[in-house]
Structure formats: structure tokens, C-alpha cells
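Some structures to go through are shown next.
Here subunit A shows up in two complexes: once beside subunit B, once beside subunit C.
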Partner chain A sequence: MDKVGVFVCTGCEIKDAVKIDELEEAANEQNAAAFVTHECLCEPGGIAQIQKSIDDDGIDGVVIAACSHRMKQKEFTFDPTKVVVERVCLREQVAWSKKPDDEDTQMLAVDLLQMGLARIGKVKLSEPIKEEISDTVLVVGGGLTGLTAAKAAVDLGHPAVIIEKEDQLGGYLNDCKDVIPEHPPYDTVAANPIGQLIKDVQANEQIKVFTGARIIATKGQPGQFDVELQNGGAAQSVKVGAIVQATGARPYDASKLTHLGYGMSPNVITSHDLEKMITAGELICPGNGQIPNRIVFIQCAGSRDENHLKYCSSECCGTTLKQVASINRDFSDIECAVIYKDMRTPGQLEHFYQGVQESTHGMLTRGEVDKVEAHNNGAHVHLKDSLLGEDVTIETDLVVLAVGMVPNSADGHAIRELNDAKLRIIKNESETQVADATKLVESLKHHEGTEILNLDYRQGPDLPILKYDFPDSHYICFPYETRRTGIYAAGALHAPMDTPQAIEDAYGAVMKAVQCIESNARGEAVHPRAGDQSIADFFLQRCTQCKRCTEECPFGTLNEDAKGTPEYNTLRCRRCGICLGACPERIISFPEYTVDAVASMIKAFEVPEEEDEKPRIMAFLCENDALPALDEAAAKRIQWNPWIRIVPVRCLGAVNTVWIADSLSRGIDGIVLVGCKRGDDYQCHYIQGSELANTRMGNVQETLERLTLESERVKIVELARDEFHRVPQVLDEFAETIDECGPNPYKGF
Partner chain B sequence: MNTMTKQPILVVGAGITGVSAALEAAETGCDVILVEREPAIGGRVLRNHNYFPKLCPPACGMEINTRRLERNSRVRVLTNTRVTEANAGADGWSVKLASAPAYVNDRCTGCGECAKVCPAKVPDPHNLGMNETTAIRSPHVDAWPTTYTLDRSACPADCKACVEACKYEAIDLNASAKDETVSASSVVVATGWHPYPLEKLTELGGGELKNVIANVNMERMVAPTGPTEGKILKPSNGEPPKKVAFVQCAGSRDVNHLPYCSAVCCLASLKQAIYVREQLPEAEVTIYYIDRRAPGRNEDVLTRVAEMDGVKLVKGKVGKIEQGQGDGLKLRLEDVEAGQIVETEADMVVLATGMVSNLVNGDLPMNLTKDEDNFGLDSLEQKVIVAGVARRPEDVAACVRDATGAAAKSVIAARRA
Partner chain C sequence: MASNVLISSTSFREALAKKGGVTAARCYQCATCSSVCELAPEGLPFPRRQMINAQWGLADKVAADPAVWLCHQCNDCTVRCPRDAKPGDVMQTIRALAVENLSTPKFLGKLVGAAGSTWPLLIGLPFVFWIAFIYAVNGFTVPEAPLAWHDFVPHWMIYAVYIPVTLWVVIAILVSGSRYWNLMGQGVTRSGSFVGNLIPAIKEILAHKRFSDCEAARPRKTGHLLFLWGFIGAAITTALIIVAMYGFKTPLPLPQTHWMKWIGNFSALLLLFGGLMLLANRMKGGQSAGASTAFDTFFLFVAFMVGLTGILTEGGRLAFPPQIAAWMYVAHLSFILCLFATFPYCKFAHMVYRTLAMVHERMTGVASR
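After this line comes the complex of A and B, so read on.
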């Protein structure tokens, strides 16, 4: 920014800890246009002074040297189209956590101010983008979830398009007679809503339906997706703003359940086979065409089983109870027995369990099924570990396997790996490469032809999956967080769920789709930096086509042209800065977050000479978890080493390794990165940031060793948001390590 | 674009459900008023140490949510505020809000000088009364808004210590309550839950035996900011327990208490079994259950705990808990596997108490349809959407999904003629 004013708060113990006149000298040296102190800058009088400087003196860069940037954010917000605000943390990082009126404390305060001034000199205002945005929501899948989503989109004021691969709408519920109750009364089955829903959708002029259709290609970005589809031989295309993927689930392949008798006897069937018979009104044993006297249901058939599906499919207990109730109502003479590991009917479904138990001939018992054998016209079900306390055998006419659900997802990442490997074989560059690629193709070939969305994305044609084939990421706090902006999973594709949950999930996902469209129209990013109007700038003249940015963006923002030059899709971008961290040529920047701005912070302060015995340490702290935790430590007045200079970063993945090189070449003695947890249960808000940072730091440490510098000089630490007591420990321990390493030999060069 | 509503959406309750619903509506472009009766947002979730199944801290997601709230000028957050009257009109709702006196106002910087001099002690509501705190204080370490709060009823007569200590004129002991009437195009009820009272579980020693605690107390105990600074200790003597029993369905699935399943208690106990074993590797843990309910990917937690050394899962309903020898406890249960009534011992018992809807006592003066268990039901026609545990017992992930859907429904309801 051109005209920078420094506004120092002297309250909250700051003036007792720091000599304010030395801050003024530092500000003057940097040619600050104004230097104002106030004993309580956040109170209306203080804010008025800042506003006055903006209005009267044309200050466009406001450096607020006061509390942490997490405090008083609303108070310290000025017209974002005219003013950039930089927060220098004198309260938490200096006054509350350092010895007052001490040489090291004073040096820290001055350095922090100089760093803030350096940064604000390098950043600029965001220029919001205005793009032509389609307000249509595309719903992929015309089952209960998809139909509910399409209807909700219209009710929210957005037209919808449904693409269904079958010739008719309705999906799984077309085969069902009754459903699990969504509302009271909970003690019995509810009417199937699908018929009415299909009618409503078909009658709605705002909803366009394509049945017997599939997607050939999804090009573009949220707000501007061009979707090409084929139904019957004709290709068509639609323009949509966001996508709800509701492709549902399929029953687990029962042919893998031979230990439960499937395939051994025609009278061992799946819950889906049974459902169709109930709906048809004709319940017979397929083996002999007789009406069964007794049916045994085996729960968790394929679910909660390390050899099959490790997860619980969530809906099978409810579905079996529903079937027992339907059979009791429609075919009164059939006895039903249910063998379960645990009866899972959470919440009000407990009433359903009780109601079905009381009103039917059902015998529900806990037990582990050892095996199922064909016997005469029926089957023997052998139980061990039963409530009856011993091994028992139940004779039955029909066995129903309550098979679990498998999401109809496509593993975008795996498909992309498969396609890349195939390309390597065609290229035929070396024998080993071809051999490796051939092996990879073999291991991934089951992904062949599984594409659903057919996204024209560098990182693969479908949503990445997290675990157990469910496309997911932050499934607790942000269940609709997606790794492909503008595309939201819903229903049984999203997580194992029953029909009432699928209806709710459809509303949630469609809200996110509509929200994405509305945010695009306002030129704003979506979660977690919702409202951010900045976009990245790629200085492509200097791009070397290394493809790191296109590979590493967690959200698939970047495509590549034929040469491998990145193509930035602004509306896919989430502003995390991971591309900026990845780029070895340092050509990617955001208006308020640039490689140069942070590099300038590193260069802004004086590094003491070796004989001063004052080591200097750069600490890059993730603003999401580590920095808030440090604020809390300071609020509890926990002290930490004053040699450390903290730079907040958007994510550890948004740390460019050049900042480490810059630090070392300036004679800074150590660099520590503190951020969120990585791994399977990652807490990184940008999913892969911590993981990527860790890989990059491994490379940095190797480089250090080549330069005969101790690898301990660079460290990466993970911690959780609540570990406020650990952050100062981590910093102090690192400072000790650096002290032991001795001064950086590059000091003074 | 045209999803905006004419009037703001009112969200009642700023726990994880209310905060999520408010943000999703606001980020879509609607104006929102978010009302919370406590001095800070976050409700029950911020009283948890970790979430299952990942065992990660709730403050992590809540940090993102508070940043979202601060950046978004469309949400107006009113803490220390209750709904006192709500009238349905042709175009939505007219709602009367009563805000408690702002004894500490927005000028508060959170410097903490007032708490240093406060002579009055009160049970700490954030720690469920398990320890004492000062009458004037930050509600808790993660509190947002960061403004301090004062329990005026605890002030000694004529005490002005905090007023004198405050350099920023942020404290006004004579502040008065404020009423305000707002128009809302629809209302999201996210009033949440409270734990089933321990005292009602007399057969399990609830409220009588010191070493019988509730699962919610265990969460506070293991939190670094909790009453024991994260240590699991027996309330009777402050020693770490050697034998911990978790009693499932303590009140839930029981016609004498709560007839429904509270949906989260199995997973809460599995998670807490991990806390105990990680902190006290010598301690034995037994979980007594009727059914182990860990739906979906939450099964991973059950698998993990079932494979842990020192943890036993026993199918059986505990019917009675009595004082045993010393400060030990005697548990009587029906061991379903063994098919008999057995007695067993523990030196600390965690009752997996269930969730009671906060709509139970009629605190929210709205004409709301409820089911027999006092969980609320949606009505698009009446422009009232119920979300989270006010609607049914469910875990945090389900609450947030539900909240997002509720945001959609609230806009749809608002747009209805």
C-alpha cells in the first residue's frame, strides 16, 4: 500500500512492556505516514482516530499494533475496497508472554512492527471478479435424495436439472412398499413418499429431467459448468452453476457371503430381494414356490466385518424391522426371527424397535451366525454366542441377508492414476517405466469405466474419496466440505444412511450448492474463507511447467494446457495458498498473501551478530489452530522464548520453502512450522496442507545436510487446536535445540 | 440471484447446530439474527474434550466458525438473550427478545484485570459446576464473543472492585436489561439439550455416591481447561481410579426415565474408554451395554476399543450401584452373555446419561409441535424449522448436516406465500 499509518495501542499492559518511542523511531525509519498511539485503540475514540487518518490523510494501509488479529476484528474493519489492515500482535506475543521492559522484549516488539510494515508495503487491495453465473443446480441421480434436492433447489429459487441413469425416476424406493418413519408415530412403518415426489418433480416446470442419461463430460468450474450428457443416442448439453451428486448406494455383493449360505440355496436371499416380494404382494421361497412359515433375518451380512465392509451400513436394522412389520401386516402367518449383533435404532427409532417387537410375531435375538447350510427345502442357521447361552441351530424356510450398502462413487484420484499410467505405456519412454505402469494399470483396472461426473479436471474425473469409498473430507464439523468446489455429495453416497436421513441430507447439500452459486455471483470464495474476494495471480511468463501447483491443489483448481502450464479456474479456488507454497518459481500470489510479502517480513528486521548471542528463529504458525492456541497460552500469561519471530500463515501448505532459504541466508538460526495434524484423521482445514508441508520439509532438511547445516534447524510440528499449553513448550524446546546447534554459519554473509 | 428473504431468519440457540444454520443461511446471502442465552456461543460442544470418531478438539471447527461469524456482516449475534414472546403473523414472526443487562460491555478488551480482583466465587457453569470461578470472568478459554461476563447475583453488597480495576470503562454495574422486538421471516429452533439429571438415577447412585459421575463430567475432567486440568481423578479422594466402569443407557431406553435412545452415549463411552486407557494405562475399563450403537463409520471407534488391552465390553444392564468397601462401588447387573445376575466392582463409575430436549420445560414460548419425547417437529407452513438435538438425539456430525438442511428449509419457509 502507498500511504501507511501506524496505530499503536498502549493499553492491556503494552506500554509497561515496551518503549513506545522506539516503535515510533522504527515506524519513521520505514517512512510511515502517520504514527498514532491510543490507550485503548479498540474503543470508539481509537477507531475514530484511525478512520480520521483514512478520511483526512488518505491512509490506505493501516498497521494496528495492538492485540492478536483474532480479537476485535469487527472494530478494526475499515472499507475493504480502500484500506488494507495489518495486525501486529504486541499484546499476546509481547506484553502478555514476555518479560516487561527487557531488551529482548523490546527487540521483539520493534521487529514485529517492522515485519508488519514490510508486509503491508507489499500487499494490495483485492479486485472482486464479476462473472456470468448460471443459477441452475444439477442433480445427478433421480432417487429419493436427488428428487428431494431438485425440489428444494426450486423452492430456494433455483432451477434444477436431474440426470438419472435408469429409464425412470425413483431409484431404490421404487422397489419398496413402506419406509422407516421420519415423523411420529415412530412405532410403525410410514408410507413410501416416492410416488408423490416423482409426480411433484415431473409437474414442476423449473425442473428438467433426463432419464436413461449419463454424463459424458463436465467442463468448466462452479457457476459455469458445461455438462454434456447423452440420453438415448442424442448428446445434449446444459449449463449449471453447482452440482449435487446423489448417486446413492448399491447392496453389498451377496455372492461374497457364501458363509451365510448365499448361492448355496435359492432360499437364501437378500433384503432387497425380499423387499421386491413384499412390494409385489407375493412372498414365496424362490426354491420351491411355497409360502414360508418362518423367515430368519441375518443382520450385518457383509457389514461390520473385517473381510467385507468394515463400517456399519446404518440402515439395515431399521430396514429389517420395517420388513418384519410389513410382513406381519400383509402376510400374517409368517414367523420372523432376527439375528443381530447389536440392534441399532438410535434416537426415536427406538420406538420403532419397541413397536415392531410388540406388534409382530418377530423374535429378535442377539447372536453370531456361525454358518448357514441348505437343508431340505429351507436352511439351517447355526448360531454361536447367542442370548440363549449356547450354540443353537434354527431351522427355517427362508433366510434373508440384511446386506449392507456400498456407495455408488467413483474414485477420481484412482481413475486419474490409471489413465496416467496408460499414457506412460503409450509414451514408452523406458522399459522400467512401462513395466511399473503396466503393474499399476493391473492393480487399478477395476476403476476402468467407473466415471460418473467425468470432470474435466487435471486431478481426475470424479470426487476424491476419503475412506470406505465415501467422497468426504471434514465429516464432523463440516459435513458438506468438498474437495471439488461446487460439487456436493448427498444421501447414501455421502455416508451410510436411512431414508429419513437421506431426505435431510438432500436439503443440506442443495443449500451448499445454492450457496456456492450465490457466492460466485457476489465474487466471493466459499468455505472456509467464505467472503474472500481475492483471487490468485499467476505470472506465467516465468512458469517452468513443473506441475507442482496443478498436482498439489487440494481442490483441483488448476488444469494444464498441452505444455503443462497451469490454467487457473478462479471459481474453483478456495484461497488456501497451497499453490503458492508449492511453486518453486514463486510466481503465484494473492493480493494480500504473496511470497514477496512474507520474504520482506523475514528481511525486515535486524539479525544480531554472532557475538551478541541472540539467536533468531522464524516460526510459521497456521492461523487456524496453532496461532489461536498461542493466543490462549498468552491469555493465561504463559511465557515463551523472545528470540522467536512469528509469521501467521493460511496453512502450513501455504509456506513456500524459499522463506526457509531466505531465513537461513539472512543468518536466522532456526525455522519452525507449527500446524494442524495430518494423516488419516487429519485436522488440516485444507485437507492436504500439513501433509504437503511435511513432504516439502523433508526435502528442505536434505538440502540443509548438503549445505553442512544441521537438519535440526528446520522443524515441523503438528498440534491440535486445544493444545494451548503445548505451543509455548514447542517453541521453547526448539529455541533450546537451536541454542545447542550454535549460530547459523551464514550469519553476516 | 433470488434466494434472499425479506426479513432476517431468527436462529434460537448458538450451539453447533444454531451457529452452523446461521452461517449457512448468511453465507447464502440471508440476514440472520442468532440468539443465545449464554454469554458465549458453542453450547454443549465446547464442553466436550474431543469429538468421536476422530478424537479431535471441538474448538478446531469452532475456530473456523467464529472467523466466519466475524467476517460476515449478515449475522447479528445476541448473547445473554432469550426469546420471551413469539407471535406468528401473515409474513412470518414477531419475536420479543430479552437481553440480560450488559454489565460488561463491548469495550471489554479481555485483559483480565477485573477477574484478578473479584472477591466473589461461583460454581463455574462451563465446567458444569465442578469447580469455582470468579463472578466476573471470561466464560471460558475459547469463548466468543471474548467479552467478559458477570454473575451479578454473586456480587457482595456495594463491591465495586471490578469497576475500579477496569481501565476501559467496560463495566457498568447498573446496566439494565433490554427488550427488543424483531421481525423474522422464519425461525430455526436449535435449542439443544441438557443431560438427564444424575439425581434421577438414584438406583445407580446418581447424585449420592461421589465416585459415580456422568459422562459430561468426564469430558470436563479430561479437558486441559477443566476442573482437574485434564486429570482423571476420583471425586472422593482426588486419586486416579484403577477400575472404571461405564454404564450405558443410564436413563435412556428405559420407560422409567427416557424411552428413546440418546444416540451418542455408546460412542461417548467408547471415546472416554480411550481417554482413560491413554491417561491411566494401568486402569481397567469395562463398558456395560445393551447394544453397542456405533452407526456408519463410527464403527471404527468400536473396532479400535474392542481391540484395546484393558477394556472389556460386557452385554448387560446395570440395575443397581451401591457403596462397596472403602470408596469402592458395587455394581449389580444382568450379565446377558453369562445368563445370570452378577455383582462386580469398580472404583469409579461413569453413567452414560442421555440427552433431554431443552424443549421439555417450555422455555421457548412458541406454539411448536412436539413429539411424545419433547423433540420438536418442523412446519414449513408455520415457518418454524427445528434442528439438531431439539429435533432428535444425534451426534455432532448429524447436527451440522441437519443445521445445513434447516438453513435451506428456513429460506424455503420464508419464501412461502
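After this line comes the complex of A and C, so read on.
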């Protein structure tokens, strides 16, 4: 920015901790056009002074040296088309967490101001985007979740389109008579709501339904998805703003459960088979057509089992209880015995469980099923480790296996790998390449034709799947989100769940979809940088088509042209800056977050000479969790080492390795990156940022070795939002390590 | 261990549920009950296992189980049960079912077992019988005061009724008791003599040692003790009078100051007070009592009425006009008949089964409390 003003707040203990006149000197050295102090800058008087400077003196860069940038955001917002605001944190990082009126504290305050001034000199005003946005929500899947979602979207003022692959709406519930209780007192089965729901949806003019349809292609980006679908031969196209995928789940393949007798006798069936019989009102043993006297239910059939489904599907216990209750009501002479590993009835279902438990026609007991054998017309179920304390055998006419859920997801990554391998075979560049590709095609063949969304994305035609094939996300931090902006997973596709949960899930996902459409309409990013109007800039003349950005973007924002040059889709972008961190040519920037701006912060302050014995440490802190944790530590007046200079970053993935090199070459003694947890239980707000930063820092370690620098000088730390007490620990320990390493030998070069 | 093919019985579970043991289904076998039970011997912890047996409907296992009768329904388990499965009530229900199932003949067991609805019949029949009998013998002619009961109902009439009934009851209880004794003995080795172990067991019962270990049901101990001693006193009085009548030719009625009268009166008071305490405890409900079913209250009521009508008969003979006092005597005779006749089939039978279980416990060496 051209004309920068510095506004220093002296309240909140700041003026006791630092000498304000020294800050003024530093500002003047940097040619600040104005230097204003106020004892409470965030109150209307303070704001008015800033506004006056903007209006009267033509200030276009406002440096506010006060509290953390996370505080008072509303107060310190000025016309974004005219003014850039830079926040220098004198309260949390200086006044509240350092010794007052100390030499090191003073140096820190001056350095932070200089860093802020350096950065504001490098950033630009953002130009908001305004695009034509469709406000329609597309719901893929017309089961309970999908229908609920479509209705919810209309209730929120958005038209909906449902695409269902079967010829009729309803999904799994079409096979059911009752559902588990949804309302107090939760002690008896509820009537299946699907019939009424289908009628409601069909009668709703705002909902367009395509049955017997599949998606041929989903092109474009959130707000502007162009969905081509085939519906009985005729191809059609709909424009939608966001997508809720509710393609549900299917029962686990029971033919793999031979140890539980499936396939051995026709009188061993799945809970799904039983459900159909209950609905039909004719409950018989398929083997001999007789009405069974006793049914044994085996819970966790193939679930929580290393060799089958490793997870708990969470609804099978409820479903079995429901079936026992339905059987008690409809066929009262049949005795039901339920064998479970653990009866899992979360929440209100516990009441239902107790109700069923006390019905004399049902017996529920814990036990491990050893094997199931055919016996006369029925079966013998052998239990070991039963509660009777001995091995027992139960004679029964019918065995029902309560099998778990497998999501109807398509593995986008695998399909893409398969397609890439096929392309390599066609290209036929070398024999070994073709051989490898052929092998890959063979191993991924089963993914062929499983596409659901058919996304026109470089990173694959469907949602990337995470743990256990569910396209889930961290359920507390980022519910309903997937790794594709504007596409949200709901229902049993999202995680194993029962009917009340699926209904709730549908509402949640629709709200996310509506949020996305409305943010897009305002030209703003969605969570977690909600409200951000900036977009990335690619200086493509210098692009080497290395494809790191297109590969590493966690949200598939970038497509590629034939040569591999990235094609940016603004509305898919979450503004995390992971591409900026990835680019070796450093051609990607955001108006307010550029490689150069951060580099200039690193270069803005003076690094003391070796003999001063004042080491300097750069800390790159993720703004999502690490920085709030740091602010909280400061609010609790926890102190940490004053040698550390903190730069907030959008994500650890948005740290370009050149900043490490810049720091080391300036003589800075150590660099620490603090961000969110990575791995299967990641808490990274951009899913892969921490993971990527870790890989990249691995490469940095090699560079350190080459330069004969200690590898301890660069470190990555994972920190959760609630671990504020660890912040000083992490920083102080690192400062100690650096002190032990001694000064950076490149100091002064 | 070889698997045994188990076929659980729905009918047992249904019967249990009908008699108030439906909560057995709630049990998830945490064994809190067995660990808090002060009465469970180390070698035979209960009632956890009885709960699972009941849940599975394993009627045979339940029937042969000595622990069922070793339980005194302290209800410490019910108080502590985290699942509100009420093991104390379940055990009581199992006992009620056991009395019914072991009874000889079965139909009487069923009839008394259903006292909740059959009580008018069970109490009414003895009344009808005595009225009819007296009418047939002397046309229900009440003699003038001063009243001597043998003028109204001669002794031979008493003998003609109670001797056969007592014989019958003894046979019935012997058959049922030995059936239970054999069931308990299956697959276990007993050592020592029956009588040798019966004596210490009876001593223990007379002192009510186990009741004092109970926590939740401690208020019941005194009532139960008084009640028991009242019965014993009444039995002793009866025996003494028979001996006096035939051995020493003592004329009846005895004067009010006679020492035998005093024993009788004292026993009746014990019976009344004990009975009142137990009834009050049941009416108050709550955890110390457990759920009250007809199984409990029928026996308690009849036994209490025996005591009450006894006192009324004794006092009424002198205080009331003969016409009224005679009816009190008829009521007394009828309640005694009711109590005697239902002995093997109502809660009264616990006296026999519990004693047997305690002897069995001693003979199998699990009684290492």
C-alpha cells in the first residue's frame, strides 16, 4: 500500500509493557504517514480517529498495533475496496505474555511493528468476485436422507433437484414396515415415515425429481455446477449451486460370513431379508416354509471384525430391537433370542432397549458366537464365553445375521488412478510403464463403472474417501464437509447411522449447502475462511507445469489443461494457500498473503549479532488452532520466551519452504511450525495441510544437513485448540534447544 | 467342556414375568448383587447366576438351586443394582415359582400360587366347611354362658378335621421336600449326616443370625423373629394342653391364671406383634420390603388372622355373648384350617425348603461364611 498509518492502542496493559515513543521512532523510520495512539482504540473514539485518517489523509494501509487479529474484527473493518488492514499483536504476544518494561520485550514490540509495516507494503487490495450463482440444491439419492434434505432445502428457500437411480423414491425404507422410535417415550417402534415423505416431496413444486436416473457428468464449480444426467435414454442437464450426496449404504455381503452359517442353510438369513418378511407379513423359514418357533439374532455379524468390517455400524442393534418388537407384535408365538457382543443403544434408544428386554418373547444376552451348524430343519448356534460361564448351544429354527453397513461411495482417487493407468497404456511410452499400468488396472478393476457424481475434476470423478471408505470429515470440527467444496455427504453414506440420525444429518448437510450457495453469491469463501473475498492469483507465464498445486490442493480446486497448466476454479477454492506453499516457482499469491509479503516480514527486523547472545526464532503459527491457543495462553498471562517472532499463517500447508531458507540465511537461529494434528484423526482445517507441511519439512531437513546445520533448528509441532497450556511449553522448549545448538553460523552473511 | 444343548423355556420366563420377576431381563451381569450380598457363601455366590438363569428361562437349573432358598430377601442387591433389575424381587419370584412347581399335587400348588385371585376361595372354603360341619353335628346350637368350647365343638370334631389334614400336609411336604432335596443333590457330593447338620441349621434359624447380616431389610428381622417364635409358642402350647388333657386329666377350660394360658397368650402376642410389624413393613413398601405379591401377603394375612382370632376367641368367650363369641371361634378354626391346608403350597413352605437348603449348604461345604 502507498500510504500507511500506524495506530497504536495503549490500553489493555500495553503502555505499561512497552515504550510507545520507541514504536513511533520505528514507524517513522519506515516512513509511516501517520502515527496515532489511543488509550482504547476499539471504542468509537478510536475507530473515528482511524476513519478520519483514511478520509482526510488518504491512508490506504492501516496498521493496528493492538490486540490479536482474532479480536475486534468487526470494529477494525474498513471499506475493503479502499483500505488494507494489518494487525500487529502487542497485547497477547507482548503485554500479556512478557516481562513489562524489559529490553527483550521492547525489542519484540518494535520487531512486530516492523514486520507489520513490511507486510502491508507488499499486499494489495482484493477485488471481490461477483458471479452468476444458482441457488438450487442437488440431492443425489432419494432415500430418507435425500428426501428430507430436499424438503429442508425448500424450507430454507432453495429449490431442490433429486436424482434417484432406482425407479421409485424411498431407498432402504421401502423394505421396512416400522422404524426405530423417534419420539418420547422412545419405547415402541414408530411407523415408517417414508410414504408420507415421498408424497410430500412429489407434491412440492419446488422439488424436481428424476428417478431411474444417473449422473453422466458434473462440471464446473460450486454455485455453477452443470450436472448432466441420463433419465431413460434422454440426456438432460441441470444447473445447481451445491450438492448433497445421500447415496446411503448397502448391507455387508453376507456370503463372506460362512463361519456364521450363511450359505450353509437357507434358514440363515440377514436382517435385511428378515425385514422384508416382516414387511410382507409372512415370516417363515425359507428352508422349509414353516413358521419358526425361535429366531436367534447374531449381532455384529461381520462387524467390529478384523477380517470383515472393522467398524461398528451403530444401527444394527437398534434394527434388531425393532425387529424383535415388530415380531412380538405381529407374530406373538415366535421367540426371539439376541446374541450380542455389546448392546449399543446410544441416546434415547436405551429406553427402547429396556422395553424390548422386558418383553417375554425376547431374550437378549451377551455371547461370542463360535459357529453355526445346520441341525435338523434349523440350526445350532454355538456360543463360547456366554454369560452362563460355559459353552452353550442354542437350538433354533432361523438364524438372522445383523450385518453392518457399507457406504455407497465411489473411491474418486482409485477411479482416477485407474483412468490414468489406462491412459498410460494407450500412450505406450515404454514397455515397463505399460506393464506397470496393466498391473494397476488389474488391481483397480473393481472400481470401474462405480462413478456416482462423475465430477469433472483433475483429482478424480468422485469424493475422496477417508477411513473405512466413508467420505467423512472430522465430525466435530467439520461436520458434513467433504474434500470437495460445495458437495456435502449426508446419511449412511457419511457415516453408519440409523433413521433419526439420518434425518438430522440431512438437515445439517443442507444447511452447509445453503451456506455455500449464499457465500458464493456474496463472492466469499466458505468455512473456515468464511467471508474471505480474495482469490488466488497464478502468474502462469512462469509456471513449469510441475503439477504440484493441482495434485496437492485438498479440494480439487485446480484442473489442468492438456499441457498440465493449472486451471483455477475460484468457487472451489477455500483460500487455504496450500498451493502457495507447494509452488516451487512461487507464482501463486493471494492479495493479502503472498510469498513475498511473508518473506519481507522475515527480513523486516534486525537480527542481533552473535555476541549479543540474543537468538532469534521464527514461529509460523496456524491461524486456525495454534494461534487461538496462543491467544488463550496469553489471556491467562502465561509467559513464553521473548526471542520468538510469530508469523500467523493460513495453514501449515501454506508455508513455502523458501521462508525457511530466507530465515536461515538471515541468521535466524531456529524455525518452528505449529499447526493442527495430521493423520487419520486429523484436525487440520484443510485436511492435508499438516500432512503436506510434514513432508515438505522432511525435505528441508535434507537441505539442513547439506548446509551442515543441526536438524533440530527446524521443527514441526502439532497442537490442538484446547492445548493452550502447551503453547509456552512448546515455544520455550524449542528456544532452549536452539540455545543449546548455539548461534546460526550464517549470521551476519 | 462339551457344549450342552440348551433350550430356554419361554413359559418359565412368562411365568416369572407374571409373578413380578420381569426385571430379571434388565440384568447385564455386572455381579454387583453377588458382591454386596452378605449372605452368599464364598463357594456359592448369588444372585448373579440366578439372574442369568432366570433370564435365559433355565427352569431346571433354577429348580435345583440351593441358593434360591439361602437368600433371605435382604434386598441389599436390589438397593445397589445399577440397572434396577431388582434381584431381591426376582429371587422371591423364583421361590414362589419353586413352591408351586415342587408342590404335591400340582393343582393345589397352582391354586394357592394364584392366591392373588383365588384368596376368597382359599379362605372361604374352610369357613363353609366348619359352619356346615357344626350345623350337621349339633345344628349350630350355641350353649349358654359360661361357655366352654368343647360344649359347642366337641374335641372329636377337632381331631376329625386336623389329624387327617396334618397327616396329609406332612406327606405332601415330605414328598415335595425330598424332591427338592434330590434335585439339589444332583452332581454334588454331600458329607455328614442329615440330622447332624439339621440341628445346627435349626439353631441358626432360631437365632435369626443371617437376618442380622442384611442391611436394607434389617427392619424385617425383629418382626420375622417374633413371628417365628410366636408360631413355636403356639405349637408348644397346643402340645402342652394335649398332654395336660390326656396325661394329667386337667379339666378344660383352664382358668385364666393358669401358666399354660400365659405361654399361649404370650405366643399369640408375639404372633400379633410380629405379624403387624411384617405387614406394616410390606405396606410401607420401599426397598427394605421389596415388591409385595400375593405370595407374601396371603400367608402373612392368614397367619396373622390365626393369632388375632385366637385372642378374640379366648377373650370373647368371657367378654361377649355366646352367640357372638361362637363366630369368633368358628373364624379361628377356619383360619387355622386354611393355614394348615395351604402350608405346603404357600409361603409357609419356605420353612421347609430354606431349612433343607441350609442343611445342604452345610453338607456340601460351601457354607464358609
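Throughout what follows, the second predicted complex is superposed on the first by the 714 of 749 C-alpha atoms of A that agree within 3 Å, B and C clash if a C-alpha of one lies under 4 Å from a C-alpha of the other, contacts with A are read in each partner's own complex, and residues count from 1 in each chain.
Here, contacts are C-beta pairs under 8 Å (C-beta built on N, C-alpha and C of every residue); 3 or more make two chains touch, one makes a residue touch a chain.
Predicted model only: the values in this text are computed from it and were never measured.
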- prompt: So if we stack both complexes on subunit A, do subunit B and subunit C clash, or do they fit?
  reply: clash
Message: Once chain A of both complexes is superposed, is A:Ala337 in touch with subunit B (first), subunit C (second), both, or neither?
response: second
Message: Contacts for A:Arg366 in the overlay, against subunit B (first) and subunit C (second): which applies, first, second, both or neither?
response: both
- request: Determine, under the contact definition given at the top, whether A:Gln357 touches first (subunit B), second (subunit C), both, or neither.
  value: second
Query: Given the touch rule stated above, what does A:Ile243 touch, subunit B (first), subunit C (second), both, or neither?
result: neither
Query: Now for A:His725: first (subunit B), second (subunit C), both, or neither, which partner does it touch?
result: first
Task: Answer with first, second, both or neither: which of subunit B and subunit C does A:Gly347 touch in the superposed model?
output: first
Task: Answer with first, second, both or neither: which of subunit B and subunit C does A:Ser519 touch in the superposed model?
output: first
Message: For A:Ile660, using the defined touch cut-off, is the partner it touches subunit B, subunit C, both, or neither? Pick first, second, both or neither.
response: neither
Task: Name the contact category of A:Thr393: first (subunit B only), second (subunit C only), both, or neither.
output: second
Field: Residue contacts on subunit A - larger count, subunit B or subunit C
entry: B
Message: Superposing on chain A puts subunit B and subunit C in one frame; which of 332-340, 386-394 or 404-412 is the clashing stretch?
response: 332-340
- prompt: Residues on subunit A in contact with subunit B in one complex and with subunit C in the other?
  reply: 354, 366, 387, 389
Message: So in the complex, the part of subunit A that touches subunit C is made up of which residues?
response: 335, 337, 354, 357-358, 360-361, 363-366, 380, 382, 387-395
- request: Provide the residue numbers of subunit C that touch subunit A in the complex, in ascending order.
  value: 1-8, 10, 13-14, 17, 22-23, 25-26, 28-29, 49, 52-53, 55-57
Message: Quick check: in the complex, which residue numbers of subunit A touch subunit B?
response: 11-13, 39-40, 42-43, 67, 70-74, 133, 135, 152, 155-158, 183-184, 186, 304, 310-312, 314, 342-351, 354, 366, 385, 387, 389, 467-468, 470, 474-480, 495-497, 501, 504-512, 514-515, 517-519, 521-522, 526-528, 530-531, 624-625, 628, 632, 635-636, 676-677, 681, 683, 685, 720-725
Message: If we count contacts the way the header does, which residues on subunit B are in touch with subunit A in the complex?
response: 1-3, 23-24, 27-29, 49, 51, 54-57, 59-65, 67-68, 70-72, 107, 109-112, 138, 141-142, 146, 167-169, 223-224, 253, 259-263, 291-300, 303, 315, 336-339, 371-373, 375, 377, 392-394, 396-398, 400-409, 411-412, 415
